[in-house]
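There are two complexes below, and they share chain A, which is joined by chain B in the first and by chain C in the second.
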Partner chain A sequence: MTESEEPRIGVFVCHCGHNIAGTVDVERVAKVAATFPHVVFSTDEMFMCSDSGQQLIRDKIKEHGLNRVVVASCSPRMHEPTFRRVVEEGGLNRYLYEQVNLREHVSWCHMHEPEAATEKAIDLVRMSVARAARLESIPVKTVQVTPRALVVGGGIAGLRAALDIADRGFEVVLVEKRPQLGGHVIHWTHMFPADRSGREVVSPMIDEVMDHDLITVYTDSKVTALDGYIGNFDITIKSNKTGEEHKVKVGAVIVATGFEPFKPIGYYAYEDSPDIMTLAELQEMPPSDELLRPSDGKPAKKLAFIGCVGSREPGVKGHEHCSRYCCSAVAKAASDLKDRVDEVVVLYQDVRTYGRGHEEIHRLAREKRVIFSKYNPDERPEVWVKRGKITMRWRDVLADDLLEFKPDILVLASAMVPPEDVEEIAKIFSLTRSSDGFFNPEHIKLAPLTTHTAGIMIAGVAQAAKNASETVVDASGAAAKAAALLARGEVEIESTVASVNPDVCSSCHTCITACPYGAMSIDESHDPPVAHVTEAKCHGCGTCAAGCPSGAITMLHSTDDQILSMVEALLMPAQMSGGEAR
Partner chain B sequence: MVDTNNDALKSILVVGGGVAGMQAALDAANQGYRVYLVEKNPSIGGRMAALDKTFPTLDCSACILTPRLSEVARHPNIELLTYSEVEHVQGTLGDMRVRVRRKARFVDETKCSGCGDCARECPVEVPNEFDEGLGFRKAIYVMFPQSTPNVYTIDSSACIRCKRCVRVCERGAIDLDMQDSTVELHVGVIILSTGYRLFDVRKYPRYGYGRYPNVITAMEFERLINAAGPTNGHLIRLTDGAVPKRIAFIQCVGARDVKKGVPNCSRVCCMYGVKNAVMAREHDPDAEVSVYYADIRAFGKGFEEFYEMARSRFGVNFVKGRVGEIIEDPETQNLRFEVEDTLSGRILNVEHDLVVLCPGLQPADDLHRLAEMLGLRTSEDGYVEIRDALTAPLETDHPGVLVCGCADGPKDIPDSVTAGSAAAMRATILLSSGGAK
Partner chain C sequence: MTEAAQETKTTSEDWEPKIVAFCCNWCSYAGADLAGTSRIQYPPNARIIRVNCTGRIDPEFILAALDMGADGVLVSGCHPGDCHYTSGNLKMRARWALIKRAVEQAGIDPRRIRLQWASASEAQIFADGVTLLTEQVRKLGPLRGQWR
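Let's turn to the complex of A and B:
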């Protein structure tokens, strides 16, 4: 133990209202904890995370000269940062704090066994007290931030994000894999709820981006590598045509790589007629006064839509999600096109016109006598093409009738799915994906725009299916995250990283191959050369330490000594003076 | 009191301290701007503080919210003005003078430590609005245990001036003669994030809310199943304390109804209905739980998957159909109604022990006054009109006023948070370009 003073540990057991105290006898846990070695103060409290709970910790640190704090409450995921800050405010290093999870690991999972739960709680607290006695302070480090952002994807999300960051006064590098900016939206002929074409919406944005002094645009190019860490990413951009590479340094990244409209091959005779098309293909048809049938160029008189094509399919990987934009887009298209054709039929599962103004579009479509008919997902409509003619047959669940319709054009509202290179993007930016195939945010409720990789944001459909107006709000929000990072100029990095003891390292390179984050290298300037950790890249996963044959690598804040002390406290409780108190 | 050395081009006022307003405040403050966050209640947190779990992950709402509360409270660039209201605004983008009324809370914020000695001593009990009136609080109170700031407030309409609290308060923080005061702020941009109120379900007399005690609202349900709520999280009927075995959720009460002046969809009710139905099964796996709906709108990330799980894994029964008049059995106080199951075409005659109405969202009470004062257009149903859904989704008719969260229409938590971040971005752009953008 390097910490020279004798440990003086304070234990705070949280009731979490009824969440913990309803099952675990928290008073008893606190009483028993008071008998553990080095514990000089122990108590229970209604809500440790409340202001008064936090104040209690600060007061007791002062009053009892505590130099280690153990809070037995909930999962550290949410509140470890809270309590680390509290002990810091109390004058201790944040790594002299230890949390026990009595809620998710005890009360919530042993709700019907209060006594056994209390025993388990005591065990866990004893283990953490043993570990706390061996905790060491670790200095908190900060790194500088390069005041420039990278935006990947030049659709409406990427354009908005790039403009926002640049308008705020920071440099932006915008990379688009296609030859033109504007994404999918630029091809849409009519967008809801506004009566404008996609081109009318994005063209001014593209002009602004091209003219902006602070924005550098790379079209027909891809990001092929990302190295470095929050505040200091090294990006490699490669031109698709020439293969030429550019290296740029940026402080923050926004991934706005969007989606692809699902090609519904195998659905509803999609490939059997040019008159069966996706909603995206309909949207991309050249504008004309009449709706012309692709097969023969004649005006279409009867039009049909089918919703949820490749969406909302339980158990089908990548197609379980709702694609969110389609119900309103179908209602809009059906309502608009009803003015040009005689009959429009929409087959749906649920009408999800949830947005502001969308319900009006839906109502307008009904008033114009667009026919909405609900089908049962377990008995999907049948579609076949005979001599070029489309026939569809389905059961209308509301009327319980088997209906038939022969549309001139059939439009399939197909799902939003990730672009085909999504896995490559995920790898480059260390992003994970959820079951819809899109990227996972850091927290689905409260941090929808940041990711688990610090400094990398997601915006628009890259995060989940949504419409264009929701996408631009995402983009501005993600831009705010980037702007905050660039404006601050420096950022704290995690200190719980690997540390190499150069005297023991045999320079075998095992750690270098083991490290998934490229954080290990060989320091050639050392004699003899030894392993070296780039701390800002290290995630503290411990793979290197586990692999090191010489035991030269220590994981700060998870040392062997700390972990073994917990095992000992569990297996040999009597060794600790608290053992007898049970 | 006049704030003189305040540079308006570095300052932002956020009105409403719910999850949207807090996010807007944090994202502007993190860029180095000074933020005043005005909240009319004694604590920030908004509705989310009162919710039990959140869809679609069933995270405990208060648990994920509290770190946010303390982050806002301790941020060096954010000044909290709780229990306060915006009284007057004058000026335009980059130069707005705002008068804020700080209601007397009769407790000195700088002295109160939130120890609660006063409330223990207080002899007056009144229904607790945080628990939807189902539990009680004292006349001197905090809204909820993690209230931020953690300062007590005296409800002057309930206080009997017995002064027992004054005598026990060791810090001498209580001042029964405290008066309202005003603060003048000079800011460049205002962000409105006033959130929502719930539709008054009494406007549907056929559902019997108010007459039949076992017909409750979704918000009451949230409090009943909450471990920090009035029943410590035990789901019981209010009439007899029995554990309900047949629970109904009725959707779209005060939404998608042109006749009631609420033509729009409220966006969150389907999912909170599904969530609460799942929670009802979690609390009592033997309970029969039915959701009566028009369309299930599970459109957000992970929502459809959650809805599917509610059906397949949790065995919640979904019935598409409009519920008729609810009749109470006077003996058992159970509730009966007819509903046409439109999928099977059959008329069902059902009986439930507990009926939960899922009300739609409406703009906050005060939004109308603020909008009028600022010259903002509002829609037929009272929300602030944005300038353009695709190019200016947070902008209003006033060049210096932005809007986020539920102030421009119903939104769930992630959408509110995202809009809060976006409003912060647009605000700082307006200010950093000196109002040129």
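Let's turn to the complex of A and C:
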């Protein structure tokens, strides 16, 4: 189609089953939308994202000669890619599609105000119709993909991902901040559910990685900068020791930066005795036939565990989540160590040994007469240390009895929390974090391994607390995603970039200081010299366009006109050209 | 509808504040999505316009919205340091002082505009911000009758 063509807009209002239609009068929305300027077709449909919904769009494009499509359904963060594909299949440029968010932003948050919700829905559709009329097609650009991947983190996730990608025949650069590979797992003496040490599990993987022709390993090094875009990232790796920098070009990135065991300072007298330790610290004690007390090296006879330390604390930022590994790990450690001590007591909130084979470990621990006692999270156990002796007192929920126990060693099953440099990592890779502090996937169900930054995947605990087996599943999944991208050879990139009108530019350099990516420069070859956009570097934030005092910069797909048309459609509907408002 | 009739309508009891909310795609728009997913209920007065980054928001957009009859304008973006585009929100923050001044000089109560940071996980903060501005604007009354 040509830009001068009169807009012919089709509006499709989705019921989303009961999700939208249960609150919003979708039929009315569709009916009113039919009266908006340039709208030549408007309807409501049960599920727009279903096959029949998608077919409906393609059919109506043909039938009515639609050249703009508006779908009023869920968040564009969910289905914009779906419908962009559908309009493309219908023969339209993907940027001639516009989505209205009637579910997350209307029906779900105004559930008890159906009338106000319907009014809001009508306003939002009117705004998007106005914007749609001003949308322009933008050619979709593709770039070559550098057939090499970067894996950040040399723990069990990073090792697995690196091997999977390299085994598919692509080069991998593996960067680990610590001097040795193997992450936390290598230090653990007992892994559940199988009876093997962490070293036994990861050592073969490390050997394979080190020997692999296609894998380059940088230990004691950090990624300090990432430039570029999907298919063409420029990575800077810096050695912690020498400060030496290496630059590599990669097509895909897997962030597998894992976690840190929470140091439970202020919990259960943690710092008051060397005999009170975290589960991670217990795991790192050298194996011996007897469990030796750190304070005096004597064999321990009584052992206690407390679960959910720093996990499942509603209202405490970064500690609301279940850390998912601890119940099974405690059951395993308790069951193993019961053979070497006389008594083992486990204080728990709930026992969630959910994985395959984990319930069996829990059962084994109980069969070995490990004592499990449930405490109330609102009335946490008390622990104190007097003359080096630990005492714990708690109320057993099931017996409703106040109990006391004096363990030789107390183990706190502490939470998995993000590593201390998580903010730095988030910044470098442009990742967002969820309330537990770990990185957000693109979509929790539909795209759990990719992120909102195209070409960057996450794997393992970098995404959320989980155990080693789940981490490896993630790693292989992320590796498959990365390998698929590398194998493709070329990939589509963001076409919505800034563009300069040289006739209006006054060469004031404002945009150069505004751009976070160094995408703006002065084209000296132009007479007079004017601002110039290096499109490959532009990420499309539009900060330059907002800053330009001459209005010389157009942010494609987010032009001043497109944005202001929405404001106008909301506030001055009668002014909307070409038709009546409501 | 005549000008006078519109005047009575906007000042009558059933007047509801109209709020234009500019949200960045990466943090606050996602935070608003999460508010919906979490079924957090908040006043239906705000209409969200999605922009890539708060850095995209030209001060003119805010002034134009007030000029066209918005009773309040909300700008919601990533926390400083958390911008998807590194520093766009810092540009917005720098512009905000200017915007506030311009709004005041136009004779509009600056309490009608609000800049807030709400990450993708801060659904409640987003919803609370909308509630707060809506209530604040409700107290101030319709802008139409007071200005121009």
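Following the convention adopted for this analysis, the second predicted complex is superposed on the first by the 446 of 582 C-alpha atoms of A that agree within 3 Å, B and C clash if a C-alpha of one lies under 4 Å from a C-alpha of the other, contacts with A are read in each partner's own complex, and residues count from 1 in each chain.
Please note the rule applied: a residue touches a chain if its C-beta (ideal position, glycine included) is under 8 Å from a C-beta of that chain, and two chains touch if they have at least 3 such contacts.
Since we're looking at a predicted model, the values are computed, not measured.
Once the two complexes are laid over each other on the shared chain, residue contacts for A:C541 go to chain C alone; chain B is not touched. When both complexes are overlaid on chain A, the residue A:D401 reaches neither chain B nor chain C. Put simply, more of the residues of chain A are touched by B, taking chain B and chain C as the two choices. Contact with chain B, but none with chain C, is seen for A:A484 once the two complexes are overlaid on the shared chain. Judged by the touch definition given at the top, the superposed model places A:S435 against both chain B and chain C.
Shared-chain residue A:D123: touches chain C; no touch with chain B.
Look at A:T82: by the touch rule set out above, it reaches chain B but stays clear of chain C.
Contacts of A:I563 after superposition on the shared chain: chain C is touched, whereas chain B is not.
The residues of chain A shared by its contacts with chain B and with chain C are 434-435. Residues of chain B touching chain A in their complex: 19, 27-28, 30-32, 54, 56-57, 59-60, 63-68, 70, 73-74, 113-116, 145-150, 227-228, 232-233, 256, 258, 263-265, 267, 295-305, 308, 312, 342-343, 345, 379, 383, 388-391, 393-394, 408-409, 413-415, 417-426, 428-429, 432-433, 437.
Across the complex, chain A meets chain C through its residues 75-77, 101, 103-113, 116-117, 119-120, 123-124, 127, 423, 426-427, 430, 432-435, 440, 452, 496, 514, 516-517, 539-543, 545-547, 555, 558, 560, 563-564, 566-568, 570-572. If you check the complex, the residues on chain C that touch chain A are 16, 18, 20, 25-27, 29-30, 32-37, 39-42, 44, 47-53, 55-61, 64-65, 68-70, 81-88, 91, 95, 119-122, 127. Partner chain B is touched in their complex by these residues of chain A: 16-19, 22, 46-47, 49-52, 54-55, 74, 78-79, 81-82, 85, 156, 164, 167-169, 191, 193-194, 196, 201, 204-205, 311-312, 314, 320-322, 324, 327, 350-360, 363, 376, 397-398, 400, 434-436, 438, 441, 443-449, 463-465, 468-470, 472-481, 483-484, 487-488.
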